[in-house]
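Here come two complexes built around chain A, the first alongside chain B, the second alongside chain C.
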Partner chain A sequence: MLEGISTSLVDWSRAQFALTAMYHWIFVPLTLGLGIIIAIMETLYVKTGNPEWKRITKFWMTLFGINFAIGVATGIILEFEFGTNWSNYSWFVGDIFGAPLAIEGILAFFMESTFIAIMFFGWNKVSKGFHLTATWLTAIGANLSALWILVANGWMQKPVGMVFNPETARMEMTSFWEVLFSPMAVHKFLHTTSSSFVLAAIFVIGVSSWYILKGRDIVFARKSIVVSSIFGFLAIIYTVFTGDSSARDIAHHQPMKFAAFEGLYNGSEGAGLVALGLFSENSTDPNNQNLKDFAVKIEIPNILSYMAFLNWNAFVPGINDLINGNEKYGVLSADEKIARGKLAIEKLKAFKEAKKAGNVVAADSLKTQIMSPEFQNNNFKYFGYGYIADKNTLVPSVAFSFYSFHIMVVLGMYFIFFFLFALYYTLKGKIHKKRKFLKIAIWTIPLAYIASQAGWVLAEVGRQPWIIQDLMPTIAAVTKISVGAVQVTFWLFAIIFTTLLIAEIKIMMRQIKIGSKTEGGTN
Partner chain B sequence: MYWSSIFWFISWPVLVIISYQLIKFTILKYEEILEKPVKKAVPEK
Partner chain C sequence: MFESLSLLSLQQYWWLIVSLLGALFVFLMFVQGGETLFLAIAKNEEEKSLLVNTLGRKWEFTFTTLVTFGGAFFASFPLFYATSFGGAYWVWFAILISFVIQAVSFEFRKKPANFLGAKTYEIFLFINGLLGPLLVGTAVGTFFNGAMFSLDDMKHVTWGTEFRGLEAVLTFHNLALGLAVVFLSRVLGLLYFMNSIDNEVIYERSKRQLLYNTIPFLVFFLYFVIALLFKDGFAYNPTSGEISIESYKYLHNLLAIPVNTLMLLIGVVGVLWGIGTTILKGGTKGIWFAGGGTVLTVWALLILAAFNNTSFYPSIFEMQSSLTIENASSSKFTLVAMSYVSLFVPFVLGYIWYAWKSMNNEKISTKELEQEHHVY
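Right, the complex of A and B next:
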């Protein structure tokens, strides 16, 4: 199956997908969060009857529209890449992965695209209540789009609600509800959308701060800051809780990722959490350059055990336990998992050969063996390990995972205080005097994007070498095309996306400079 | 079986509703401060 697939092809295909996903994710979180913020602002307009709120809503709606259009363009390319670059993956799990993707297209996009037209062009054409409903449905539709793609992603991190069909050698869905309500998917959706609310709130505060610094649109800016700082503060607290639940899911179902992003090499009871750390150039294992040693670290005892298993003294397996096994705690070694996976592949191969030879009795017997609960739990569960040639490749980049996780967490903590200060200064009527804070607020916008991207880097780099946890390694999922073709499209997309990003920033900045069309402009 | 997930899903609209209510309360309570014009707004060059 893996003949003719070079690591170069896998690396370039991954790079292309990462490039598209990361550019897409520049636009999406702002759409998700700003949609809700606009809906709240318009609700205030309808409830209070104050036309100032209509003006505020319309201004942020313009920025929402610019961002939304470019986000859609990058998202469509992302979905095509499942077919062009990851066709083996699409073939293997298309029956499951396709369902949420189709629902995303039919339900969420239709909902968004129908009501977004009313939202933009329906002012003074439909009633206030109808327009408000359209705005809310656009915001909810955008978040529902995210729900389905995150359900699909959650399934890749923890496959549930499916059965392997040896006849077709494909995974087939047995329970849609199990896929939808998988805790991994639910926590991922909530964590991702709430962190998007945080990003959008920071964006609104940052832009509003620029107006105050310029001494214009002060009332508009103050009101925007109040809405966003309250929304952002509640969202960041919620993000902390959903992140905690996500981390627990990872500890249970992706222990290698968990150990990697915490830099935990040797597992222990009462494991400590490395709050801050820096890696040295030296590796703890000469055979694996991924295992960088810490140069310095600040560790808080027992916290990691509690974070992972809600028990201060629970055993948390480290990278070495997961590679070499730990009999005392029932952790299987990588060699054992690879052997079990290979047996599953061999059985499937024997079944296919028996079918091809027309040996019905042997084929039925092998099928019964493959489908038996014992074989499923002891062997098929490790199916993907059968393709792993070197057990060291089971460890993702520890430094990359660790830094991504800690950048996200440290910035998240900073955002809590940022929202509190923004709200406090505004409600005290001092915000226009806090020029240093206003400048910090502008520079916090890129920090929000860095935190958001770091979260995705952690989620996707940390789960390598798997595209579907334990069942399919990334190397087995890639389409067999020439490396040159992928390189050409990589650079082509890089140029197109960068152009789109520059265009978006320029259009947004021009719109921000125009402002909210206030009388006098210095209220 | 899915109660925990359903609970988490419900918490999402609850977050939005609580945010709106708290924002509305704050906006109405501090309306005077928010509407107050700045006498000497010094634009940055």
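Right, the complex of A and C next:
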């Protein structure tokens, strides 16, 4: 079935998706968060009637517009890339995965694009109240778009609400609500949006700090900091909680990802959490360079068990347990799962052949077998394992997963303190005097972007080799096309997106230098 | 309520929705048409700025409609999505890239320190304005003329040529549709300028250009339609699922679905009426007739491509792989669930209409732009 699919094709297709997704994700979090911050600012304008708030709103709106355009530009590729580069995936799960994408378009994108026009061009054309509503609807529309694509992503991490149909050789939806309200999807949405609010709040505080340090636009900058430090503080607290829930989801449904991002090779009861660690060059298994040993690590006992299962002494399986199996704790070995998956694939093939040969009796009997709850639970659940040739490929890059997780968490902790200080200084009314903090605030902007990207690296690299957890590995999902074609489009996008990114950053910087005075004036 | 419909009715319902989105998209490509007219209509910066801003306030609708069209197609006919996008790789990427460079161009063009310079962004807009309609039109042509794919048991797609879809341009019937769409989008762009810009000179120049673009549009469009009536089509047998060639298939479809034929005729008359009255009598309402007519015409053509047991995406590489609304659709459950979502569509169209109206009350003029906060 997979003849002619080379690992290099899979790697290049993945690289292209990673490239486009990561570029897209540079712009989206700012759109999600800044949209809400602007809406809050405009609400303050409408409530107080103070034109200063209008000026502030308009300034941030200008930056929003620049960022939004490039977010849209990078986003369209992603949607169609499921078809162009992952066409087997698109058919296999299109029945489930397509729906959220369509709803995203119908309910969210139109809301966003209709009201953004009023937000930008409606100041003199519609009433104050209507304009404010449009600004809020733009922000809500943007966040709703995130909801649907994250529901789709959550489903890939933990497929629910579907059944396999041997007739069509694909997964089919059986419960829309199960897909929508899957805890994996809900937590992912909440964690992604709240962390985006954090990023946007840091962006506003950082840029405003620059003004104060330059001794200009002080009132404007201080007001902006008030709004975003309160908003950011609430958001980071929420981000921590939703992150915690997400980690628990992973422990339950993607134990390999969990073990990898913790660098846990051998599972144990009362497992400790590696708070910080560095890998050495040596690996724990001479035959597998992926399983690097720690050079140094700071470990806190029992925390990992609690984090994963809310029980200080629970057993957390390690990578070796998941590969070799652990009978005591009922963990199946990879070999066993591969055998079960192979059987599922063979049965399906036999069914297809019987069908082709017109052997109705045999086909019906095979179908009944495939659809029986027992077979579904014991074999079909491991369908994707049937494609796995080397069980070591079941382990994602440990170093990548570990570092991206820890960078995200450490920065997240730092942001809590950052917002605490921002809030404290603001409430005391002396933030403009804290030059050191203001300098730190500027340098915190890139850190927010790094944390945000690290989160996605963890989510997507950590689940390899799966495109759909346990059901479909990336190698079975990719479009059969020449590697050269994918390389061409990869470099094409790399060049286009990098060029546009440079343009965006230059334009942003210039607009920030110009400041709020000329843009919008005092009208 | 949707549960009681048969699978076939749901498939047809979703084809109607997806086609309607496609038809709206073709109408909204007046933005693309407009993007190719800066040189012909604007003789100075001020005039160019009027054109750019007029289109700049609408480009996102077109873009969003394209994205939604893609999403809706994916959800309702995933096999088409997988086959066409995965197969005709180069065509779709060429289309997409032209939209990527468009998305930033309005916003970045006049901003200081924009790295590439205003001229480059205008070239981006021109490329999008030309390639977008041309390739979309040509790709839709393959709905009638077929494409070079085959599908295996697991529905994995293989493409017959290394050109990956670009070979569609070599079939003149496809290309004729592409060119018809190019000139139609320019015609619509001109009518939209005449409708929403308060400037005598631009109005007069647009009116003159209207004639020059209508003639090639008519030539290519009429050629496409007439050739369509005489050509063979890909019919399928609903019981066996087998695909076969049927002479005069599309003519048969026209006769079999008179409502659709009527819609097609009203659509074409609408387009001609919109253009004709504007050329002969002037006025600013042409866009509404021509735009509405475009929607009806394209909608009817897409229905013609798929209803009455017709393959909407035939394969000329391995005929039995051809796609129909029956073999390419989602499951009944998904179509039902999606149908409930579709009930929101009138509501969405309603607020778009309301927002559009409240924004277009005042015509765009140099004076209006001076007062505006956000200018492209």
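The working rule: the second predicted complex is superposed on the first by the 516 of 523 C-alpha atoms of A that agree within 3 Å, B and C clash if a C-alpha of one lies under 4 Å from a C-alpha of the other, contacts with A are read in each partner's own complex, and residues count from 1 in each chain.
Just so we're on the same page, a contact is a pair of C-beta atoms (placed from the backbone, for glycine too) under 8 Å apart; a residue touches a chain by one contact, two chains touch by 3 or more.
These figures come from a predicted structure and were not determined experimentally.
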Original post:
Looking at chain A, does chain C or chain B touch more of its residues?
Top reply: C
Subject >> Partner chain in contact with A:149 - chain B first, chain C second, else both or neither >> reply: neither
Subject >> Touching partner for A:304 - first (chain B), second (chain C), both, neither >> reply: neither
Original post:
Looking at the overlay, does A:429 come into contact with chain B only (first), chain C only (second), both, or neither?
Top reply: first
Original post:
Given the touch rule stated above, what does A:251 touch, chain B (first), chain C (second), both, or neither?
Top reply: neither
**OP:** Figure out whether A:236 sits in contact with chain B (first) or chain C (second), or with both, or with neither.
**Re:** neither
**OP:** Would you check which partner chain A:291 touches, where first means chain B only, second means chain C only, and both and neither mean what they say?
**Re:** neither
**OP:** Name the contact category of A:492: first (chain B only), second (chain C only), both, or neither.
**Re:** second
**OP:** For A:91, select first, second, both or neither according to whether it touches chain B, chain C, the two together, or no partner.
**Re:** second
Original post:
For chain A, what residues appear in both contact lists, the one with chain B and the one with chain C?
Top reply: 523
Original post:
What part of chain C is in contact with chain A in the complex they form?
Top reply: 57-58, 60-61, 63-64, 66-72, 74-76, 78-79, 81-87, 89-90, 92-93, 96-97, 99-104, 106-108, 111-116, 153-159, 162, 164, 330-331, 333-334, 337-338, 341-342, 344-345, 348, 351-352, 355-356, 358-359, 361-362, 371-374
Original post:
Can you name the residues of chain A that touch chain C in the complex?
Top reply: 1, 58, 61-62, 65-66, 68-70, 72-77, 79-80, 82-88, 90-91, 94-99, 101-107, 109-118, 120-126, 130, 134, 165, 168-170, 172-174, 176, 352, 356, 479-482, 485, 489, 492, 496, 499-500, 502-504, 506-507, 509-511, 514, 519-520, 523
Original post:
chain B touches which residues of chain A in the complex?
Top reply: 36, 40, 43-44, 47-48, 177, 181-183, 186-187, 190, 193-194, 213-216, 218-219, 222-223, 226-227, 230-231, 234-235, 238, 242, 245, 426-429, 432, 435, 522-523
Original post:
Quick one: in the complex, what on chain B touches chain A?
Top reply: 1-2, 4-6, 8-9, 11-12, 15-16, 18-20, 22-24, 26-28, 30, 33-38, 41-44
